[in-house]
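As written, the chains take the letters A, B, C and D, and residue 1 is the first residue of each chain.
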C-alpha cells in the first residue's frame, strides 16, 4: 500500500524523508562494501530489483480475487539480507512512482520507511526468530513474508494517522480507521504473499 | 506500462529533461504554497490541462493513469470524514463535517502535486529521468542499480509474459488454484534465472572493458539552456501566483 | 484428407497497436506436414498463437474439425488439449526444476490421474530421447535438450495438431535431422498434423507436404510443395528466395543434362536424378508421402 | 598476411566441471574472414570468450600479434579494446535504456573524451543503419535491430578483431544479407579481422576465407574455404555435412557437364559456371577477395 503523491503534509513528508535517508545511506554503504569483494553482485541486485518491480506491477491471482501488488520484500530480505533491501526497495518504489504513478516523489520517504525498511527488517527478524524457535522452513517463510507484509501496512496506517489525527479520537482512532479500511485488501494480500513466498522458496530449493 | 508508452510518444520528449523537471518542481512548490482549496484545485487543473493539451496526452489515457491515486485519495478522504460520537457507551459513527475544509485542502493539494508528477512522467520517459539523476551526481551505486533495473524490467517483463503464455498453452491457468501454483512456479523459475542473467550481463559488460562503473553518454540537448529558462519562468510564475494568494 | 483446422479471414491487432494478422486464411489437412514461411514480422508467431486459442481474432473465425471454436473456458480447454504449441525459446517455456516435472505439467492440468500422467510422461520422454534425463535439473541441459523437453511437454498432452515455432533454429544439423525424423514418425504413426514455422526455404520445400507463405500478416499462398517447386516467381512474390535447387534444375534442363521432369524438392533428390541417369521421380523420393490434394487453391489470392 | 591472434594448446574446464576446450589451437590471420563451425556443445562459444579474455585457459596460451596476453588489468584492457565480442542473445548484453547510451558504454570505458565518444557512437550507428534510432529505447526495438545495436556497441570500440557468436541466428534472409555486407565492408575498408560462429555450412563456405571446424572442444581443422571444398571427407570427419554444392559439382564433373575446375564455393557460383559455359573462376567470383595463404596447415592434425 503506497501513500499517493502529495497526500502527506509538508512537515511529515520531510520528516519521513529525513528518517529514511540514514537507512538508505547505510544500505548503500553496505552494498558498496559487498560490491568491492563481489563485483558481480552489482548486476544481480539490478536484475533482482527489476524482478521485484515486475512482481509489484503484475496482477497476480489472490485469494479474494482482487488484483494485488505483493511487495516481494519478504523474499528479497531472505535472499539478500535487509540492508541490501533498502536501496533495492528505494529503486523499486521510485520506479513505481515514475512508471505506474503508485506512490509519489514527496511521499517517497514515507513509503521507503514502511516498505523498504520496516518490512524487510520484520520479515528477516521473524524468519531468524522462527528458525531459532525450530519452526519448519515453510512455516518460518510464511510467517516472515506474511508479517513483513502486514508490518508495512501497519506502518503506513501509523504514518497516515500521525498526519491526520481524528478530530475526536486523535491519532489512535485515526489509526484504527485507516488500519480498518485498508485491512480489507491488505490482510488477504499478506496471506497470499505468504503462501506464494512459501511456494516460491520451496520451488527454488529444488533448482 | 501505459505511462512509459505515452512518455515516449509525447511531442515534448525531446525537450531537455532538466527543463521539464524544473517546471514539475515549480508546480510542486506552488502546490505546497497554495493557500486555499480553490487555488490548489486551479493549479491542478492548470497543470493537467498543460499536460493533456500541450503534451497531447489523450484524455482517456490521462484519466486511466490518474485512476489509481484518485482511488486512494477518495478512500482516505472518506476515512477522515468519518468519526465517532464522543458520547459514553457504544460508539456510534457520524460524519465529521468539521473536517470538511481541512479534507478539501488535503485533497486538492494532493491533486495538484499528483498533476505535477503526472506532468513529469508523461512527458519524460524514465530512461531520460535516470540520465538526469546521473548528471545530478546521484551516488554511483544507486545510478548503476537503477540503470540495470530499468533495462531488465522490460526484459523480464517480456520473459514473464512469454512464460505465462506458454503456461496457458498447456492449460496452466484453467483454474484459480492451478493459476496460483503456476504463478509460483514461474516466479521461482524466473528468480533462479536472475542469477544467470546477471552473470550474462556481467560478461557482456566485461567484454566491453567494464571497470566497475556503468558509464553512458548523456543525450545532447542543444536547446537545453533556452528550454530551461522557459521552464524556470513558468515555474516562477506558478510559485508567484501561489505566494501571492498566500501572502497578499 | 479432411480439414483439421481452419482460420477464416482472421484479423488481429495487438493491444499496443502493432498489427498482427490481416484477413488471414489458413487451412490444415488432417495428417499433413505443413511449413509456414515468412520474413521476421510477417505474423508467423501471431498466427500460431491463434491456432491454440492464445489469441482471439478481432474479426474472423477459427474452425476445429468444421466447428467454430468457442472462446469460453470449456472451449479453450478442449482446443488447447488438441493443439499443442511449442514456442521458439526453450528458456521461456520451461518452468519446473526437473525435466519430468515439467513434462507432467500439461497432463496434470488435464486432470489425469497419477498413473496416466506417469505413463504419458515416460512415453513423451522416450519419444524425444530424453528418458535418461527424466530427473535432471532443467537448467543444466543443453539448448538442444531443452528444446526436446519442450516438445515432450506438449507431446504428453497427446495433441492432434502440433504447432512448432522455429523448431530448427539454433539446432545443429544432426539434431535437426533427429527432430525431423521424430516429426515424420508422429505424422506417419499417430496421424498427427504438424505445422512448423521456419526461415529455411530449402528445408521447408524438402520436408513439408504443404507450404504456406506469409506476408504482412496474411497467408499469401498455400500450395503443395511439389507444385510450388514449379513456380519460382510465387516465392519471390512472397518475399522469399526460392530454394536453390529450382534454379540448378532449370539450368540443367535447359542444357539438356536432365529431361524436363518436375523439379525435385531438394538437392539430394536432384543428385539422385543425376546419378540414376534421368530416372524420374518414384525411386528418387525418399519420403513415401502422398500428396493427394490436387485441387487446393491459394488460401488468399496473390493478385 | 601476419597472424593477428593465436590460441595455443588451450584447455579450459568450467568451474562446474563441464568441459570447455581441450588442447585447442586456433590462428587467425590479420584481415581475414573466418567461420567457426561445430555442433552444439563443441565449444564455439567457449573458444570465442577466450579470444576476448573473458575466460582464461587453464593451460595453454593466447597470443596477440605474437605476444602472450597478460591476464592482469592492463593486459585485459588492451586485449578487450582490440577484440570486440558480440554475444548471441541481445537481451543479455544490452543494459542501457537508450540505443545511444548503450553504444557509448564501450568507448567511455576506453577513457575517451565526450566529443570522440559522440563521433564514434554516431559512426557505429551509421555503420549498422541504426542512426535514426539513436534515442529510441532499447526495448522498443525488434530482435534484428537489437542485434545491430549490440554490434554497434562493439564497433564503437574500433576493435581489430570482431568476434560474433551466431550472428545470423534468428535473422531472416534480407537481414542476413545486410549483415554480411556490413562485415565484408569492415574487412575490405578497415582491415578488420572477423570470426563468426555458425551452423550453416553453406554460408560459411561461401563467405569465409578460412574455416575452422570444431569438435569436442578442439579446433580439428583450419583450412581455406577453397581448399576445403575439395575435401568432402574432412567435413564429415568433423561431424559436419559438407555443403551440397560439392556433391552436385562432383556429379556434374563426373558426367562431363562441367570441366574439372575447382569446386565453386556456393550454388550461385556453380550456376554461374553452368550458365557461362564452363568459364572458370574469375568472372564467376562475386567476392573480389583474395585468398593469398597457400601454405596454411590444419591448426590441429585431423589424424
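Throughout what follows, a contact is a pair of C-beta atoms (placed from the backbone, for glycine too) under 8 Å apart; a residue touches a chain by one contact, two chains touch by 3 or more.
In this text the structure is predicted, and so the values were computed from the model without any measurement.
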Winner on C-beta contact pairs when A-B is weighed against B-C: A-B
Cα-centroid distance, chain C relative to chain D, in whole angstrom: 31
Separation of chain A from chain B, taking each centre as the mean of its C-alpha atoms, in whole Å: 18
Approximate Å spacing (C-alpha centroids) for the pair chain B, chain C: 45
Rounded Å distance, chain A centre to chain D centre (Cα mean): 48
Chain A residues counted as touching two or more neighbouring chains: 43, 46, 203, 207
Set of chain B residues in contact with two or more other chains: 126, 147-148, 150-152, 155, 185, 189, 192, 197, 201, 205
Chain D, residues touching no fewer than two other chains: 95
Pairwise touch network: line, ring, star, complete, or other: other
Chain C partner contacts - residues on chain A that touch it in the complex: 203, 206-207
Interfacial residue positions of chain D with respect to chain C in the complex: 38-41, 142-144, 166, 169-175, 199, 201, 239-241, 244, 247-248, 251-252, 255, 257, 267-268, 270-271, 274-275
Touching residues on chain D, where the partner in the complex is chain B: 49, 52, 54, 77, 80-81, 84-85, 87, 89, 91-98, 100-102, 104-106, 108-110, 114, 117-118, 121, 135, 137-140, 153-154, 157
Touching residues (chain side chain A, partner chain B) in the complex: 2-7, 9-10, 28, 31-32, 35, 39-40, 42-51, 53-55, 57-58, 60-61, 65, 75, 87-88, 90-92, 94-95, 97-102, 104-106, 160, 164, 166-169, 173-174, 177-178, 181-182, 195-196, 199-201, 203-204, 207
Chain C - residues contacting chain A, complex: 97-98, 137, 139
